[in-house]
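In the two complexes below, chain A is the common chain; its partner is chain B in one and chain C in the other.
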Partner chain A sequence: MSKSSGGTWAPSMLRRGPRNAEQMFPGSSGKSWFGNWFGKMPWLTKLCFLWLILVILAAALADLIPGLADPNYQGFVFGDGKTNEGPTASHWLGTDNVSRDILARLIYGARVSLIFAFSLVAIGIIVGGTLGSIAGYFRGLLETFLMALVDTWLSFPALIGLVFITTMLGMRNLLVLVLVGAVFVWPSYTRIARATALSVSGQDFVTAARAIGTSRKRILVREIFPNVLPALLAYSLVGLPVLIILESTLSFLGLGVEIPTASWGGMINQARQDLLINIWPAVWPAVTLFMTVYSFNNLADWVRTQAATRSAAI
Partner chain B sequence: MSNMIAIRLTRLVVTVIVVSFVTFVGVNVLPGDPVNALIPIDAQQDREFVEQIREEWGLNDPLIVRYGRWLGDAVQGDLGRSLVTGQPVTDEITHRLPITLELMAVAVGFSLLIAVPLGAFTGYREGRRSDRLVSGFAQAGLSLPVFVTGLILIYVFALKLQWFPAVGWNRLSNGLGPNLKSVALPALSLAVTEIAVYTRVLRSDMIATLKENYILSARAKGLTDRFILFRHGLRPSLLTLVTVVGLNIGFLIGGSLVIEYLFAIPGLGKRLFSAIQQRDFMMVQAITVLITVFYVIVNTATDLVYMVVDPRIRRTN
Partner chain C sequence: MGGSEILRVEDLHTSFFLPIGELQAVRGVSFSLKRGRSLGIVGESGSGKTVLARSIMCLNLGSNVKTSGSAFFDGRDLLALSRREMRRLWGTEIAMIFQDPMTSLNPMVKIGRQVIEHLRQHKNVNRREAKQTALDLLNEVRIPEAESRIDRLPHELSGGMRQRVSIASALACEPSLLFADEPTTALDVTVQHQILNLLSREQRQRNMTMVMVTHDLGVIAGRTDDTLVMYAGKVVEQASTDEIFEKTQHPYTEALMRSIPRTSQASHTPLAAITGRPPVATHLPAGCAFSLRCPYVQPKCHEEDPPLVSIGTSGHKSACWYPVGSDANREAFERNLSDRLPQTLAVAESLGADQSPGIPADLPDGGIA
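So, the complex of A and B:
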């Protein structure tokens, strides 16, 4: 928010009337938008937001971080490291029970978690959004069939299915995991998209578009889908932490990315055998996982209250 | 009303058939030959012997035929024999099912015991410090994966304080005390997430209920806050909670799989896990279908209860 506009109110403004959107609705203009909504966050949400930025940046730039150890380098084997070491200058968070650097594994593990969660959200929005919009707008037999399929699909506990498929598959890299996860992610997105598309279809602007002769396909692409998207995005923010927990649970069961690739759940599973010898290799990934999931949840809650306040104000 | 029930029940049957078929196909399409589970590795080279076994177990028939046979036996209560142990699958399931059910029941019961007063109270104190504190903890509880909660409990109460066993299971036949001791930590691990979910749901419903006019009139009559909260406010607010408890069965099933793995509990989830690893297809098929049937029945029951309790839903349908 710039210093001259908003915030302070002068009688002269009443005479001239509001000159721009910023004066009518302080905080609504595009000017320094980041400062606006970041400033409105409670301090805890600010911390969560900063933590998420940190995790995402670290995961994205892991290869470029100077001095970061190789996450799979076992110093013990090459005679220049110890197993279960406490924090040192070269290993800030110590080493695990096969003498790998915990910090490096945390950062590369973040990459697995985040890529898994964000790709599945993207797939959910694209696949579920398309199918749901079509079902909700075109209706008919297709809708009946699709929704019956979705209902049946959702009546199957996803974790059981995931465990089932991942165990059967010989190879489990990140791409395979995402594809398997997609099988269980699309139905809930489809359901939400269809419900939103149903209510959007009844709105006046859709009737208006039809009245001026817009084709049904164009209405779907230009009117329905853009209005379904916000609902899907809101759901995604709630879904991200769930997906991160899902990935870590699979890794914990030994069904995530194959070892030795670092993942938070896998690190915890490996460390739990030596809990009484050295608890830290379990604590670090557990705390990181918790903080990341908590941050997403906290941020999602904040966005929800913001949306509620805004719609109440309108 | 009876029409609604008929529709739901039809859908239930259709869902179970579809899911069991998909599982059957999935089990047979994915890599791994069931014969390998049946006979030792050195005998697998003997083509003639393998062929004989395949014929004996009916593995050479088309998929549809095998599924039909399986379904025909299943509705008569015969789920086949385990490919690994040769024992009837039904025996093993009846042996392990009580453990998983007890685990889930204790978890849900305990969660409700904590979450209902907590949710009602925080709804009543909306926006106050106590509400913010509890809601903050609920958000944290929601962010703890089940296996992390379990690991923390194992570390503190089993390894350090040694109040409870870290792994294993004592059946009820071994005495109530040992049984309760072995169910405590696993159930609590599942309950932490559940408590968080239930508290949040009840809180938001309670806030809405307390704005109703009949609450105002009860207050005008001079009834005490506690009486209003639990006698006037709680019942209409419980509706969503009932649904959420039903919907969360899916979470509980997945969660108990993880918890049984972590605490080495010989329940159904752990058996499913090992059966998948051993490619024991009959066992996998039976347990998966059982879980789905259970899940779908609970969901249908929740829907029906919901309709019976709330007249408004009955009318709109």
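So, the complex of A and C:
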């Protein structure tokens, strides 16, 4: 037995053993939570995680990266650049068919994709989570109506609707795109939230909350919603790559953010015209898109297994 | 303090209307409870004890539940109160401890916050006071190192600890009436003992009235003042706990006691289970609900439902045509024995050939738990 800090030995020390979780399982307490978390990942998930961090950081800090070219600067117009150039010291990934720097466009394109995906997920969680929790906990006529609406909405093909609306719109900046996307994103979140809220409402702790005089509104906010949130977060991690692809699809169809704003789908579309001359302007955004989507899926899968082991341990 | 009546339940009925028919979970229960006393409600699974407790607390939800009768708490009929009025009573006057501490705590909220949740709602307390109260409560229910546990989530605690937390949260607003709905069923035996002792101690210290719902006679033995035995939604026997054990009147109570395994028995003694199954509450038999399983059953039992009548002067009530220990009961037993009724034979077998029925069960007073 190790010497305890007090110095004098007492028989009670034998009996007591480790006094808290930190002593029993060093590193298990909240403080080193992140370290543990990353260390437990398989190597591929680690790579995916790091890639996502890189993409997110690059997108967020694009303006601060020293030496990064202007994504819309067309060198050949001013006589200091070439179109369809291979990798050079100033253009690491080369230039596209109007002599813009591909790396810069990739990084600024990530910004569009990620803002689109993350804000739609946030809207889905907030709007869908609220509506679904209300429907699942309060039940009644409201639920019947809301769920009928959700079912009708979901039966309508979202891509066609998006293409229709974006075609009709005169202006297509990121904000407009997000708002249009939100119209099609909320129903699936509502449905998941409602299903989870239904099962949560039947749990004893909700009855226990009632038995101490908690109001229905407070139960919704304090008991139901926090327990609905994990399900929504799990769903949104799967939903993120789908939304990234959706944004790229729209851009590829020319219905995404207006040109010349860089976006991955738009870059592929642009490169399509000269695909037989130079394939690289299409390959880079395609690979980036693939890696990002794959990373999200891989990470989502890992989180899911972690959550499964954790709930099994409870 | 003692003496004044705190809870009086009169002819309480609760039914669930299901696709297969009306399920009568509680069928006319009446009892009264004095301030500071404790009452044990005993019965098999499905006997309606939990529904009874939840009906009194108005916790049964759903459009298919119908409750009639009355439950007077401090002179006010709980069943007639509006939701708003009820909300004022819940937690502050009446509280409940649930069966399964795994599900009765919110998995997403730290235990310290759960304990003081209703303090924050019912009384205006600031954060520091609330935290101190939470600490005091956790210490009071004997949670070791409450300071470090206060910020833990429920899944980080063991079952016994969690039940202590839910007890602490039920006690937070100092209710005068506490329902404990099988508080120890989900726990192992040693923890059961600790939790029950904790509850008894809190009840005595706070002069709280407590209703303990359980299916285990050992849980109430020596812990509650009065006992109510329920079967198929009805009270079949009601007396002070000592009386129930010493002068058992109802065959069902007797069968429950007989089915408790004892350490004095030789090993590998078969358990004296009650033959048959409890009746399905949608299709109750005519006459006495226990008649199909009763070793003393007579033709009259299938025809008429025995009323709950007083026996003696001590408030002992029982609902049986042939109460245990009476001559009629002995004759009925012998008649059934010669008719070779299966449940009677099973009882005779477990008693041994030379013993006669109706012996008071030799339960130790301290109880098994």
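Assume the second predicted complex is superposed on the first by the 288 of 314 C-alpha atoms of A that agree within 3 Å, B and C clash if a C-alpha of one lies under 4 Å from a C-alpha of the other, contacts with A are read in each partner's own complex, and residues count from 1 in each chain.
Following the convention adopted for this analysis, a contact is a pair of C-beta atoms (placed from the backbone, for glycine too) under 8 Å apart; a residue touches a chain by one contact, two chains touch by 3 or more.
All figures in this text were calculated on a predicted structure; none of them were measured in a lab.
Given the superposition on chain A, are chain B and chain C in a clash or a fit?
After superposition on chain A, which the two structures share, chain B sits beside chain C with no clash.
Identify the partner contact of A:G213: answer first if only chain B is touched, second if only chain C is, both if each is, neither if none is.
After superposition on chain A, A:G213 lies in contact with chain C alone.
On the A-aligned overlay, A:L64 touches which partner chain: chain B = first, chain C = second, or both, or neither?
In the superposition, A:L64 contacts neither chain B nor chain C.
Where does A:A89 make contact in the superposed view: on chain B (first), on chain C (second), on both, or on neither?
So A:A89 meets neither chain B nor chain C here.
If we overlay the two complexes on their shared chain A, which of chain B and chain C does A:M171 touch? Say first, second, both or neither.
neither
Where does A:Y294 make contact in the superposed view: on chain B (first), on chain C (second), on both, or on neither?
first
On chain A, which partner touches more residues: chain B or chain C?
When the residues of chain A touched by each partner are counted, B comes out ahead.
Once the structures are superposed on A, label A:A282 by its partner contacts, choosing first (chain B), second (chain C), both or neither.
A:A282: touches chain B, not chain C.
Contact-wise, after the overlay, does A:I245 reach chain B, chain C, both or neither (first, second, both, neither)?
So A:I245 only meets chain B here.
Look across chain B and chain C in the superposition and give the shortest C-alpha distance you find, in Å.
12
Within their complex, state which residues of chain B touch chain A.
Against chain A, the touching part of chain B is residues 11, 14-15, 18-19, 26, 30-32, 139-140, 142-148, 151-152, 154-155, 159, 250, 253-254, 257-258, 261, 272-273, 276-277, 284, 288, 291-292, 295-296, 299.
Flag every residue of chain A that touches chain B in the complex, lowest number first.
Spelled out, the residues of chain A in touch with chain B are 151-152, 155-160, 163-165, 167-170, 241, 245, 248-249, 252-253, 265, 268, 272, 275-276, 279, 282, 286, 289-290, 293-294, 297-298, 301.
Okay, in this complex, where on chain C does chain A touch?
Contacts found on chain C: 57, 59, 86-92, 94-96, 98-100, 102-109, 117-118, 121-122, 145, 148, 155-156, 166, 169-170, 172-173.
Contact residues on chain A for chain C in the complex?
Touching chain C from chain A are residues 19-21, 203-205, 207-215, 218, 222-223, 226-227, 229, 313-314.
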